[in-house]
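Note that the chains take the letters A, B, C and D in the order they are written out, and that residue 1 is the start of every chain.
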């Protein structure tokens, strides 16, 4: 009995290395196959919505989707079985996505049309970084994340102000232009304001009266200055990160001689050679 | 008599704490209710302009709007009564907005349709920062304000140049394209130029002749370079603010040892420990 | 005779102070009147192209335009007479604009329709900076000019590369999309590419075939990265200007003690107190 | 015999100087003629696709194109003959472009319509920098290249995230809007998302339902923040390059006195005058 258990254990161990490991050849190969299948699956779901293709190849596409879904299901079950703490995996970010990637297909048995929700499989692409495990890239994406994180609050405050402005501008445009020009309601006016301030400018709604066009021109020039703000925020954060290693921010103090003028990436005090603390 | 007066005083004191205070539980709760009512009110006014909704629920919406208006009116009166210097409040930024938030509804009794102006209530959202009173956020918005303030002049000079250019470009396009392409007048040409230079690009008016399209292409490439300018101005200000605390600008000199190489945020001389003057 | 000459001299002197001076009250007042007339004149020419207004008030507008033109002509002649070196003024930037501002109106006697060219009067607005003479603003516009000047070359090299790319992309789109989608020729394809890369996006021409839309999506994502380049160039120049006074660029060397670590805005050596040379 | 060989050698030498040299007057003149011919050729190919011009002057244009093609062919052959290592040239970037510039015309004998591919001649413009050989410009383009190179990885990581988002957003919009609004398939939804996120905004497809417009507004505001990211990345790199020579990054240490506070472009120790190592 112990022997059999041990066999199962070895099997579990092997599965775990293949599924979670990125160091062995087998683990890496499985990851690449997985990525390929995710890409294939996302493309198939997309193509199935294109009328010309769907009419001709719907059956073949459906079979492929089911095959990939079954594969993903087995993979999901094996991931739960092989890991020590299955609960932790199930409720992790990747665990939830892995489940969401297979659920819609099974739901489509009862609710036809649900299969299209399988497109959330696209989120599994995020795993690429884990798989590739190139330190340079994960460093880059960490830097990206840091800069965005640091500027998040400022940008939120900024968007809050912009949103209040859009309500006011949208209402003014609704009053000035009226229903003939497509400004059928205040929410429509707000939609137009956002389309204009972000410089997207579809042109599905556009002011027709001279006064409306004058206000629109003012809004665009305002948007000109406004678009500079989030860019400025993010750029300043990037510049800070990029310049960090070259600056003397005075955050490091030598424990021995108490000198402060150390570079941020300095390891030893330039006065007495004592090792400096990491921040 | 004194007792009764005192009662009124106590009542006034209580009201003031609720309306203006943000430290007591009651004061905070009132603020949250107020924010919720502003949001509800703005949404109601918006929805009342959507044809489908207005036809069905106009009466109900009107009743809600009146209820909220009466609430805001009582609040406004209480704010005047409870504060020591009512004149100062009435003519303050928030005081004027609070008045404008209730006026249109009463005007609508005499001038139907004025009720839509109640949308200015959206401006009351600015109070959120006062209410939340999160030091971090008010710090962020102060930084935002500083950077925008500092770049305001440069941006105005820049917009002045851009406006002169739009007059010239707009006239050229009016002459080149003519009325068939929608360039019906010079102001229309200027409108098109602003739509193009800001990269909004509605497409309601667009050049049709080869020469017009050639000039338009030049204008777009010009706009390419031009859009960089306000961004550059604002970003440089942000970068300055972000890097300020980390730089050695030489503005601080130790009164005792005359050493100059101090960080801008340094409080004590790193040579002799003497307190440094604030700039 | 000498007396009369002297009278004429005094008159010339007076005129010069009024026309060119910005320090006397009379000179300033004249400048403000001038600015007002330029603004009025530009507005009149604009309005004369608006059909509804032109039909009703063409005569009145024409009379006003002629009155202003005569005023500008007298001003131009007086400017030439009153100055010592008239040739220098005539061929200066402002001199040429002043002439161009009156010429079209006289040409319109022989060539009807030339009067519209009077819109070049808008260029006379540049004089505002000379008139206002606010040191802060002229400092700002000098900074703007410096940053744009410094980034001009880099932006030209960049635009050269972009233009070559637009030729290639425009041709590919012409081949892929063809005449049905509006891509009637390679120049049209290049026009579309510029409209797309600059994120203007009129929508007068847009790809219809799946392949064309795929390439268009690639071009847009490319444009995403590309729009960052001129912004980056200009911003770096602004940042340089903004941070200049706070940096230690090592351009200053003390003549006495040869120490180099001086701030760019330092006036005295922080080692020995010797005055530092200006750069 | 030797004499004749020598004559051929001299001829080869002369040709090489004319074709590859940029220092002699003859070499420079040839380069300018070449640039002019490339420009002419590209313009001719463009014009030949414009219907009105093609119908009238197709024959003349064709003759010119053939003449230029023959000239380019002779030039290509001479380039191969005159150089020491012809293989290296043939497979170099410029060598391949030079071949591609003449091939389509000869192919058009067998496959009519291939002549249009001659537009790749536009790539020969890149040679301008080699020809002009202005150190300032090649320095500028090197700086541009460096900054773009350094930010390439970060931008790729960023675009990867954006692409995953477009798949999700595009699918949501396909489900919400449906075929009536032009969202005929998921790929179409993704195309719309890219058009919107990049702020191009053609308006050929735009949301019609209130929910769709609400989501579109969210996407635009998201795009607002997102467009800041590549700009931030590139700008930080530019700023780094621009500020590099002015910073004290602590990478240089004097071998004699071990002082560290040297400027990045310092050549000698400012303490003891010892030559500093290059990094």
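In this text, a contact is a pair of C-beta atoms (placed from the backbone, for glycine too) under 8 Å apart; a residue touches a chain by one contact, two chains touch by 3 or more.
This one's a predicted model, so the numbers in the text were calculated from it and none came from an experiment.
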Cα superposition angle of subunit C on its copy subunit D, in degrees to the nearest 5: 90
Interface residue overlap between copies subunit A and subunit D, same or different (over half shared): different
Centroid distance [mean C-alpha coordinates] between subunit B and subunit A, Å: 30
Where subunit B touches two or more other chains, by residue: 187, 190, 199-203, 227, 231, 233, 235, 237, 239, 243, 247-248, 261
Subunit D partner contacts - residues on subunit A that touch it in the complex: 42, 45-47, 49-51, 116, 119-120, 122-123, 125-126, 128, 136-137, 140-141, 143-144, 147-148, 155, 159, 162, 187-188, 190-191, 194-195, 198-204, 227, 230-231, 233-235, 237-239, 241-243, 245-248, 261, 263, 265-266, 270
Interfacial residue positions of subunit D with respect to subunit B in the complex: 199-203, 231, 235, 239
Complex interface listing, subunit D residues touching subunit A: 153-154, 157-158, 160, 164, 167-168, 171, 174-175, 184-187, 190, 196, 199-203, 206, 210, 213-214, 216-217, 220-221, 223-225, 227-229, 231-233, 235-237, 239-240, 243, 247-250, 259-261
